[in-house]
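Working notes for the structure below.
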Amino acid sequence: MTTLINEEGLRVDGRRIDQLRPFKLEVGVLRNADGSAYIEMGKNKIVAAVYGPKEVHPKHQTLPDKCLLRCRYHMSPFSTDTRKNPAPSRREIEISKILREALEPALILGDYPRTAIDVYIEVLQSDGGSRCASLTAAALALADAGINMRDLVVACAAGKIEGKIVLDLNDAEDKEGEADVPVAIMPNLNQVTLLQLDGTVTREEFKTAFELALQGCKTLYDAQRATLITKYFGKAEPPQQEAQESQESQEE
Amino acid sequence: MTTLINEEGLRVDGRRIDQLRPFKLEVGVLRNADGSAYIEMGKNKIVAAVYGPKEVHPKHQTLPDKCLLRCRYHMSPFSTDTRKNPAPSRREIEISKILREALEPALILGDYPRTAIDVYIEVLQSDGGSRCASLTAAALALADAGINMRDLVVACAAGKIEGKIVLDLNDAEDKEGEADVPVAIMPNLNQVTLLQLDGTVTREEFKTAFELALQGCKTLYDAQRATLITKYFGKAEPPQQEAQESQESQEE
Amino acid sequence: MTTLINEEGLRVDGRRIDQLRPFKLEVGVLRNADGSAYIEMGKNKIVAAVYGPKEVHPKHQTLPDKCLLRCRYHMSPFSTDTRKNPAPSRREIEISKILREALEPALILGDYPRTAIDVYIEVLQSDGGSRCASLTAAALALADAGINMRDLVVACAAGKIEGKIVLDLNDAEDKEGEADVPVAIMPNLNQVTLLQLDGTVTREEFKTAFELALQGCKTLYDAQRATLITKYFGKAEPPQQEAQESQESQEE
Amino acid sequence: MAIGRNPIVVEHIRKTRMTELLSKGNRLSGRGLLEYRPIKIETGLIEKASGSAKVSIGNSQVIAGVKVEMGTPFPDTPNQGLLVVNTEVLPISSRYAEPGPPSEDAIELARVVDRGIRESKMIDLQKLCLIPGKKVLAVFIDVSVLDIDGNLFDTISYACTAALATAKIVQYEVSGEEIKASEEKIPLPVKTIPISITMARIHDALIVDPDLEEEAVMDARLTLATDSDGNICAGQKGCPGGFTVEQIMQAKDIAIEKGKENRELLKKMTGIA
Amino acid sequence: MAIGRNPIVVEHIRKTRMTELLSKGNRLSGRGLLEYRPIKIETGLIEKASGSAKVSIGNSQVIAGVKVEMGTPFPDTPNQGLLVVNTEVLPISSRYAEPGPPSEDAIELARVVDRGIRESKMIDLQKLCLIPGKKVLAVFIDVSVLDIDGNLFDTISYACTAALATAKIVQYEVSGEEIKASEEKIPLPVKTIPISITMARIHDALIVDPDLEEEAVMDARLTLATDSDGNICAGQKGCPGGFTVEQIMQAKDIAIEKGKENRELLKKMTGIA
Amino acid sequence: MAIGRNPIVVEHIRKTRMTELLSKGNRLSGRGLLEYRPIKIETGLIEKASGSAKVSIGNSQVIAGVKVEMGTPFPDTPNQGLLVVNTEVLPISSRYAEPGPPSEDAIELARVVDRGIRESKMIDLQKLCLIPGKKVLAVFIDVSVLDIDGNLFDTISYACTAALATAKIVQYEVSGEEIKASEEKIPLPVKTIPISITMARIHDALIVDPDLEEEAVMDARLTLATDSDGNICAGQKGCPGGFTVEQIMQAKDIAIEKGKENRELLKKMTGIA
């Protein structure tokens, strides 16, 4: 087993323990989808697309008073170290469910009775934290599709490696670390809409990790907003640059 | 190969050739089901549940003049010596079909047009004769659900081991024996509603085995009735006790 | 690797390079089907059946202005050298699609709005060129079912073995040869409705192979017509005999 | 219940007529109660299979093919070869047979035929063992149903029996761990010829070989198979109706007697000893 | 969202009443907010399994069975045995549970229970390795859900824990490449007893062990599992609603305290140390 | 028929206009009959894959990734590596693409692309053999379709070709039965660059690279692939319409000439020799 944190307190990819990986956000990346977004977060490369509100098929799933939200998280066969079988795994089915439940509180589904909204997420390349990056992109794609929303949803994980609580685990840290705590929030409504925990942490570590993840969410939320503003109001600077600067200044 | 019948004429579990294994019947064992029953027969532990009459899904299966009867026989993965794959096997599909056809003549399906009745059987632990024990329990569950019936259905197997015709084969006898003949009857209507034969018997042995199985059915039918009477008219003695006594007295 | 063409210019089964395998056509071979046909072409033994025009199931596939044509090409498990898994392979699904598209231009589907026609092809024994033989039989089955048609469809392959362009590849030639070019035409309408190419040919070889395949189609078309005339107008001589004779005289 | 039964509505008048006739010992088709329709058996048409047979009973028509492959024995029977019976009710066979995974009816058909062959010990599986625990021959019998007009149980069963009884397989010579295919082709190790007889009860009448119309109105079905010694080697009751105890005893005798007849017929038509 | 939740419509009046009561710290059933329904645990009823447990919480009822087989380790963990948790929501358990492939809900259930056991390191997987990289023991825990009345997460989780903690498996002796089963039966290498606590938020109230009616109206669900040391070892938020940051912190404390209580209960009822 | 074709109704007036224009040698988009839309090729974006390419033709957009694994050769080609092409039309790509098992259209797409690569002998499969009959390299090319605007056949085909041509794989050294991965990364053994040209017939006009609107009204489709030597190496006619014999001959010449152009483009954009 390699050392995940060196004597200078730096991680395998050179980050400090409270630092996010480099990231990049884009919206409107697909032509056919009603809304779409693309995220790079470390080596994660993920595209999210939204179709809807639209007619419900099969019809018997129609809800009389609100919109039916569906979500599919899927990994391309080439996205992982060893080729992934293209059929949906149980892991993908579970993640699809919790992502849907994490997005639903942000959407005003009562505005679209008897319709459906499909959120499709394709992981083109996966790294640690792909479910969090997927959520962040999916929220952007929903906004890009013009769906009525109460708030954005933004997600980030914290975890425990070699006894230390760190932000935003990459693949190696996820595999060899002691715990991973993905968290999603609606920042303005103060609602945690996704929380999972894999691994073992003490009562105090849980609190520390949870709060660190919320801090990561805040940085990403600023980037989400900047991306949408740039797209719709033509602000000149590329938002991902801004995001990274704000993050760096915050950390210095 | 072991000896299945010793010099005293006793079988591997100590039974005489015309003796049933110890058994136990219960009704009303589940809360959500409209009717339910539990049977232990040797090491068989089987629960049967009935839902219905209820709306038919999918709708196109609706029968205009009678109730649609459906049946599912399923084994839990831990019910067999080596773990059973949870997906329904071809064996389970066939047994589901013949159990349904064995129960159907007992039900007055014309009383419930345009509805469905589902009979679900779960084998929690399997031993020889699980299809017969399943039928005996399913008939009780149907009665417990208050479905209109012409008669109960009760089932028991006879078989051939080491050249002798014996009653109610257990697992070892089923595997190493020469033939198995499961039989179900509606005792009051004198109708055989299930009959199978695996293995080879002479014309005479077939007659002997068939008649022995009918004798086993009779004992179990008394126990079925006692179980229902105790449940609905509060008779004090536990029916399975009574059943076993009557069986023993019969055999001595 | 064996020699596919000997010094006398004859192929492994004794044919000249522009000679068809012996073949046999029959119509009306099944009782339940609305139309049916049987073909032997070399070792190919294929039966085709047509059901329809009939109600469409599932209903949502109904076309308001024309008939829905469906086609299934399937191989029996014993039809190949090593046993074929009975589940439809990707190859069978692709061939089903291109056969349907090759038959469709010949059918006047507008005459049967809101109905479906099913063409089922079962390969009982396969040899080289089974898709072509299937098409030739399917067209006959459609005619036998009395479906309104603009023309028959007839198919034959040419290919390249040991550098030579030859007609109607058998199994060995298909496997060890350099290219296979199956072609289907509607002879009277001069429309090519199926064309595939596996393997590598020069520009000139492509032209030669294509024209040779058309020549094979012509012979088979005469046999198709003779088969239908014999069936419906009671001409005495068996049509396949006639077909083979005409072919032989043509080749001498 | 026969495949294709549900959708067929035999007109009320025809059904009444059928019952009346049966009560007098006659059938709509003119057959006697214990009379089969014409049985045709043709073997060897699928050259790529080790054995094959096309069988028709009346208008019901099926083809069975035998393939033999190398396989690994089951851990609890290391000295026995494998036998797999698979039946496909092709969509060409009836307007009620849909393509797709096998229906409950098709699974029952295949399993009952399989038991008839397996439990009769028709094939000596011990003789298909090459290296105990490691290498055995696996015999696949696949059946394609081409046309359905009732009594598929017997039609399929006779096709399997005929294909197996006439199959020729490669002979293997085993020395130590080495297996060598010889030039020789040999028959499968056939020990007995199982014959199934399928009976139907319509009201009080017991008939053999029900056709599609009779299957549409039958109350219950019983298939019993016998081996060359006249022993009963497989049985299956079907359909949502029952038999009296007396009818079962009667059926047993019919199965043994008609079984003898049809076995002779099958032997003659396939040319086996 | 709980299995069977969607189709249940708790009448409006009942729901209003529930919320009113909850705001005063009471529940429709009379339970306190942090009070479990009666928990029953019975072990050893499936003799053919290495371990088994039937657990009910209120009217929810499940059976878990443990089977141990020989297996091959994953290439990236050559020294570890395998652990597989599989849950089947049987159609007998509810009128809303259909037979067929596992639903999304059932898959989530199984995976959350699996993580609770796996991440707590309850079973020392290293000790299940026989020959590194080649042969390990594979422990299958299968759960059959018999009756549903809410909080399947904890019911299933306790059944798995109880079945594993009381299982007896064959002891193997390894010398070189040879593996010999001894006569001895030994317990699984259990290191800790994970206990999950499932909480629901209904409006502003946080309750434990929601029953089916409460699941029908709950806004969000949170399951947290703790190990014998009181550390948190698995977590899963569910349902289309959220928690405030404060509620999460509160839930964490509840999980640790109630976890301690239920762990003692489970130990007592199964008779483990 | 193109994926997404059926549900698209091009308004009658637009269709009439399209046909009118085509008869004069023009297209709605302003393109010439034998003119492709802009082709973009980007390679190497998926670092976890041995090779990858994102290709767009007009608004159609796909990503192909190459993975290499150890495998066992087929018994009849013991000296050849394996090549598997798999295409997924993702639901993100069109409102008419549903999640689930691949449709007939997607299967045809994958198989035609596969044949174009396989039959051109682009990859020297003999060189992927490590130990004859035992160990070979298996090359998986997976394609994810991201956005659909017609001519997926060529878009996918170019993505596969570009990903394969630029892939770098681990070099293995074999001595006897031992296989050792070296530090070195080497290109795949590429022998030729196959290029497919897809044509459509609309009434009497033959065009290349049909867009989604053109696919919605086309009568027939023909894809022909050529190799670096200008030989034809794969062909597939599609759609329920036909071609005259003369049109087939014309299409053959177009495929060879446009193939040359697009091959040069692909080489330039991927930087291969």
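Just so it is clear, A, B, C, D, E and F label the chains in written order, and each chain counts residues from 1 on its own.
Operating definition for what follows: contacts are C-beta pairs under 8 Å (C-beta built on N, C-alpha and C of every residue); 3 or more make two chains touch, one makes a residue touch a chain.
Everything numeric here is computed off the predicted structure, so don't read it as measured data.
Chains making contact with chain A as well as with chain B: E.
Shared contact partners of chain B and chain E do not exist in this assembly. Equivalent interface to A-F within the set B-E, B-D or A-E: B-E (over half of contact pairs identical by residue number).
Taking the mean of C-alpha positions as each chain's centre, the chain lying farthest from the centre of chain C is E.
Computed from the mean C-alpha positions, the centre of chain C lies at a distance of 28 Å from the centre of chain F.
Once the centre of each chain is set as its mean CA position, chain C and chain D turn out to be 33 Å apart. Centre-to-centre, using mean CA coordinates, chain D is 48 Å away from chain F. Multi-chain contact residues of chain F (touching two or more other chains) are absent.
Not a single residue in chain A touches at least two other chains. Taken as a contact graph, with one node per protein chain and an edge wherever two chains touch, the assembly forms a single closed ring in which every chain touches exactly two others. Beginning the circuit at chain C and passing next to chain F, one meets the chains as C, F, A, E, B, D, using touch as defined. By the touch criterion given at the top, residues 30-33, 36, 43, 45, 47-49, 51, 54, 72, 74, 76-83, 86, 118, 120, 122, 124-126 of chain A touch chain F in their complex. For chain C in complex with chain F, the touching residues are 69, 90-91, 93-94, 96-98, 100-101, 104-105, 181, 185-186, 189-203, 206-207, 210, 214.
Interface of chain D with chain B (complex): residues 1, 104-105, 107-108, 110-111, 115, 119-121, 222, 224, 227, 230-245, 247-249, 252-253, 256. Across the interface of their complex, chain B is touched by residues 45-49, 52, 59, 61, 63-67, 69, 86, 88, 90-95, 99, 140, 142, 144, 146-149 of chain E.
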